[in-house]
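Below are two complexes that have chain A in common, paired first with chain B and then with chain C.
Take a look at the complex of A and B:
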């Protein structure tokens, strides 16, 4: 027995799910079209576009490059973000609210302004556009998210755990490494996956801060500007599968950790 | 202070494992060099505070604030990057340029009108869904239904924009379906219009609306609504007088996030929009792509956009009766 409002809401939910999944499904299907032109109807089918992706050195290079940039910037964001959170969490000092706002700033600045201010900034500090610049830009963008996730986990940590470690003779560094850090692990895992996805998918920073080597989103953008073709569908589908698999795996892993640890 | 350092030195033996072998941590804390460093850096709350504070503050003020301040500084210069042997003059020209040409003001106004409309559209679409998830489902199913919504958002901006292009193109799925149903004889030009751009932006940003709404709705205790029902409130009154006011925080955060994020997209307006929908992000990017010395103008325009979006957000939060600081706290 469902009331009309319940039926309406359920229908609306599933309609929205269709809206979310239909374009992605169409994109996957279009990659199997045996023609150079994008468009329906599809009369002939082929797997050659998908097979080509794995032989296209430009795509493979871009994939490896994007992965490298994502991993390095995620690692940096984790260290810096955790550091900021551990500093701000227990500290009580004049101007804390201001410092907190500065920490969150990169998360709320519109993307294009963030990328362009970074482009000017790296010129001012004498850094060339390229790998280092993209990594710096992504790290700055990721740090607030890591710090906020770690802060919320730190808030849930019983003080007695660290105090017990101190009573047993651990100094504050050892207590941090052996007690606080393991406690933070679920939030660090969640944050690292979040950063990986943000970095791997990022377009605007890679576009304005990149050198000659394109990241995968920049490569797809460049191909799109020169015309749509099923080859782009195949590349995009590979990105889709990689990101969705990573996200789903992370979702399961963090759920299991939270279930056992906290 | 002294007691802390003594304890650190003497009690290191206590963390020696039972079996007599010396663990890495025991050896580390027994190491004289480590003990000296520990005494120097970790021996008091004040020292620990500064040890953590200095690198964190350098990072935050250097890299979070640095790029914005550099951008603002350059927006007042008459040339940048500086040419050899010439010190750039300070000028307001870059800001005045914005007010002189309608082809700058139009995209600016358009960006804010569009972003406001798309934000309100996203809110009206996502509120029922967040309400459905938080209030109409058993908790065990909430996570599954939420996860289903999350999956498409792990895919990046470019890929999802492209997916929308395939849906809306002249030979796209929507047009084929409409023609197949005989509703139209020729393809409707959905692409490169405000409609396609709106479809894309809603597609990209709705999650940032959904999550804060869901979080705030989920927190409303069920017995509040039961109490309202006992006092004779109908379902519409319960929604208007209890649910809606209590979800105000979620509405505020969701709208602010979606507004700021949608003003910041660059690739999506380029790919989904046309000449009649040029947004300010494209105008700004133009200054950084053409050869030549246009950075100060670009910096000035970026500063105008940043200020305008922050002011809009501030006014909006004031309208909802919230202090702007509480959003982050």
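Take a look at the complex of A and C:
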């Protein structure tokens, strides 16, 4: 027997799940529809949209380009973010809170604002819109996430770890490379997956800072304007599956690593 | 104090954290091959003293010498000392062997030499078959031994141990104490050990340095500290004790006569050594008190009634109250051997002790 409050909660939960997944499910289903128009009823099924997508060089190029941008910006964010965290972690200096706030700011500024200001900025320093500009914009946006994740892991690291390394003859650089960095590994893995996902599906920065070559989200947007086609559903489904799989794997991997290695 | 071949020397060392003085003008010599324990309550400066020798804290004043060399401002990686940390600080991403090899690699030893030395150390701590385990696959006692092997790997001049037994359960701790002492004697290394556990200090040390509020309260062998505490702090901190607030009455047969609430007690020593003090405190260990039914032929003998009796297995703790004496409410604690005492609560007995066991405190 369920009490009324439990029934209400359960109903609400399932309603939320439907609300969350129905649009996604609809998108996936439509990608298999054998017709040029999106919508019900579905009379025939096909996988030709997928074949078409995988043969479309524009899509493949955009995919590769987005992947490259994501990887480079993630790598930069990891280095800068880890540096920020290590710098801020143990230090107790005047103005620490201010430095911390400034570091976190890019994460909370609305994307449009930061993208437009970056656009003005790159023009001011004589940089052309394009690959470099997008990477710059994404890196600045990602650094706070890396720094926060690394900081929390750093907080869980006993002071004695680095002291033991120093005690056994390591200078501060060797101690960082051989003891601190391996300890941070789970959070670095988690942060890099998170940054990859953030960068890969970023539209606003790629749109404002990009040159002639479109990233995948920009390409999809451009194709949408020329009319909805189930091909877009196919692209989106592929991206959805890949990112969801990556996200789930990363979540499990970091949890397992933190469990055994702390 | 001068001993042969001093390995480490603190001269007038002071360390402050903000306004708090952690270590206050400390002078300390540690001789080659000694097992020295810094003993005291938390916040007494014992860990700070250890950490200054390790290089993790820098003194505000004074100098620290290690084998004659001034190491006061040297970073930890350039000192010939190694530390066993309270939480062991094993590197979680390395195997047991890699943990032990860490310091050897940084010394620039060849792979073969490292491998041989790691094997040797694993044998020393009896963990030969645990070479490829990860630290999280070891028990607390095994981790402690790996930490010990790792710290010994570089043949340090001095081994620092920061409460390394605190995380072990009571039974294991007793066993590890014996092992640690045996290891120290076998290797001939100088050990500087920090603990707040007086029993641990008594079990293992050649010499105990009792610290309080950043200063040394007393420096001596375990026996000296136990039977001749210099201060009330030491008498209180180490073991159970009876404290007597007494007036000095004079001397008699080479002994000091003390007046404790009207009861006259005799203590070893001379009035001259008291430096003119007329009011002193004296300490007496409960197990130094003998209980008899007949009046013994002893300078210190009181007729007392047993008011409480607690059986502790290897001993009995008794609370005694003085009878037929001017200070009628005067109480004592005694811990006789259970086999030697049959008296029960309410019985009246004679409590007596040797004047040599009654220690007059110097502070």
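FYI, the second predicted complex is superposed on the first by the 260 of 262 C-alpha atoms of A that agree within 3 Å, B and C clash if a C-alpha of one lies under 4 Å from a C-alpha of the other, contacts with A are read in each partner's own complex, and residues count from 1 in each chain.
Definition applied: contacts are C-beta pairs under 8 Å (C-beta built on N, C-alpha and C of every residue); 3 or more make two chains touch, one makes a residue touch a chain.
These numbers come from a predicted model, not from an experiment.
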item: Chain B versus chain C as contact partner of A:60, first or second or both or neither; value: neither
item: Contacts of A:183 with chain B and chain C, given as first, second, both or neither; value: second
item: Partner chain in contact with A:140 - chain B first, chain C second, else both or neither; value: first
item: Contacts of A:79 with chain B and chain C, given as first, second, both or neither; value: neither
item: Touched partner set for A:26, first chain B, second chain C, both or neither; value: first
item: First, second, both or neither for A:217, with chain B first and chain C second; value: first
item: First (chain B), second (chain C), both or neither touched by A:18; value: neither
item: First, second, both or neither for A:42, with chain B first and chain C second; value: neither
item: Chain B versus chain C as contact partner of A:68, first or second or both or neither; value: neither
item: Chain touching more of chain A, residue-wise (chain B, chain C); value: B
item: Footprint overlap on chain A, comparing chain B with chain C; value: 168-171, 174, 178
item: Chain B-facing residues of chain A, complex; value: 5-6, 9-10, 12-13, 16-17, 19-24, 26-27, 30, 37-41, 80, 83-84, 86-88, 91, 93, 97, 99-106, 108-121, 123-124, 136, 140, 143, 168-174, 178, 197, 200-204, 207-208, 217, 220-221, 224-225, 228, 232-233, 236, 239-240, 243-244, 246-248, 251, 255
item: Touching residues on chain B, where the partner in the complex is chain A; value: 7-8, 10-15, 25, 28-29, 38, 42, 48-49, 52-53, 55-57, 59-61, 63-68, 70-71, 74, 80-81, 125, 128-129, 131-133, 136, 143, 145, 147-152, 154-160, 162-167, 169-173, 176, 203, 235, 256-257, 260-261, 263-267, 270-271, 281, 284-285, 288, 295, 298-299, 302, 305-306, 309, 325, 328-329
item: Sites on chain A touched by chain C in the complex; value: 158, 160-161, 163-171, 174, 178-179, 182-183, 185, 260-262
item: Complex contact set, residues of chain C against chain A; value: 54-56, 75-77, 81-83, 85-87, 89-93, 102-103, 106-107, 134, 136, 150-151, 153-154
